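Input: structures, listed below.
Presented sequentially are two complexes of chain A, the first with chain B as partner and the second with chain C.
Coming up: the complex of A and B.
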């Protein structure tokens, strides 16, 4: 066995990990996964909530516009009907 | 911060509105009230939700496209005498020529009812409409701001279950 072979054998020799290696990996997994999930969930909730709120606002605005048109239309009708009745009488 | 924001918002409404209503003192006396303040942004938002497959909504959508605002205050009272002639006069006094012209109206002393339609013209174009309607126990004031064609006005008068007037 020459010196090179000896060096390689030493370098590639199986080494046992540190005693807390497994625990450290598990801790990091536990810590990072929920944060990522929480952020994604928060984004979905914010985006969904925003869309729902926008829709609610739009529907409300539509109802108000329809109510405004009904009210204005009825008053306009009232005066038109009166003017027409006056014309028919003459 | 909040009062400043409210002041800016109020200034925006008054700027868009073509005359002041000054009718808030009637609100506590009213049994029913409608207070609509629809700015250009709200009209645009509402237009996105109006269904073009529905005949009435399609017509309203077309009408809304030329408007910058709709402002309405309407009060219903349980008994007579809750508003005065001065309440209407202070609005009439703001509708001055040459911009504002009384287009039509009627007054019935028997029914104590009156309706007036005023139009605002700028550069030979109708840019606003004012409606003053009063009965013994109700008062309605409306300001529709924007470009309103006469054909749209007549369409407005014949929908929502209200019969269209016969054309001679």
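Coming up: the complex of A and C.
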């Protein structure tokens, strides 16, 4: 190894980062973790909300069908009673 | 079996890996970019990335190799983002009023500036050779280039640095 290579080794000797380097890495780790949790929580809320909304819509549709059937049933009863009354009169 | 499990746990001890390798990671980035604040930030990014990939590391040697490779890649990426390939143009280096001699701290500073002015690949090859004391085949493995290319980059860089130093009146002892 000649003089230049020895000088290069000295010039490029390892240096320490700032004294609080480890602490800063750990702070950034803590900061990044809740972002993951928040994103996961937001996904759960959105997915759960979507499922609840779909269930609510399904129940509403079922209720409307039942109401329509009840209305149709009472109309039929009335028609049946009317037809029966006409038959008795004849 | 217990010993193997214990070794695996040691390899994955994040705090221990950071204490052991922070100066290596920081110095690779700092000597490459010649910017202390940016080097600190990128070195932190490297360790955050290590934390995410801790499960993939099989041994302390694997962790050291992984950190060196990621530090090299992040340094090159950062230099490309900055789009300022020669960090210090050779022509802009002031001529020293006193000619430094070998062993002089002034010469160390002059050399660091000259290294910062080398093209990206040559600069990183020189850093890995003289900071990390790696041989050309190890450098080739980390940088993903042929061993022959590493050797020619080293020869060219040394010739260039020698020529620039001689022009500034710094020569052999």
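Heads up, the rule we're going with is that the second predicted complex is superposed on the first by the 71 of 90 C-alpha atoms of A that agree within 3 Å, B and C clash if a C-alpha of one lies under 4 Å from a C-alpha of the other, contacts with A are read in each partner's own complex, and residues count from 1 in each chain.
Keep in mind that, in the parts below, a residue touches a chain if its C-beta (ideal position, glycine included) is under 8 Å from a C-beta of that chain, and two chains touch if they have at least 3 such contacts.
This structure is a prediction, so every number in the text was calculated from the model and none was measured.
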item	value
Partner chain in contact with A:29 - chain B first, chain C second, else both or neither	second
Partner chain(s) touched by A:5 [first = chain B, second = chain C, both, neither]	second
First (chain B), second (chain C), both or neither touched by A:64	first
List of chain B residues in touch with chain A within their complex	34, 36, 38, 42-43, 45-50, 56-57, 60, 63-64, 70, 72, 74, 104-106, 108, 115-117, 129, 131, 133, 140, 142, 144, 153, 156-160, 162, 165-166
Contact set on chain A toward chain C in their complex	2-18, 21-22, 24-25, 28-29, 32
Complex contacts: residues of chain C adjacent to chain A	15, 18-19, 22-24, 26-27, 30-31, 39-40, 43-44, 47-48, 51, 102-103, 107-109, 111-112, 115, 126-127, 129-131, 133, 158, 161-162, 165, 172-173
List of chain A residues in touch with chain B within their complex	57-59, 61-62, 64-84, 86
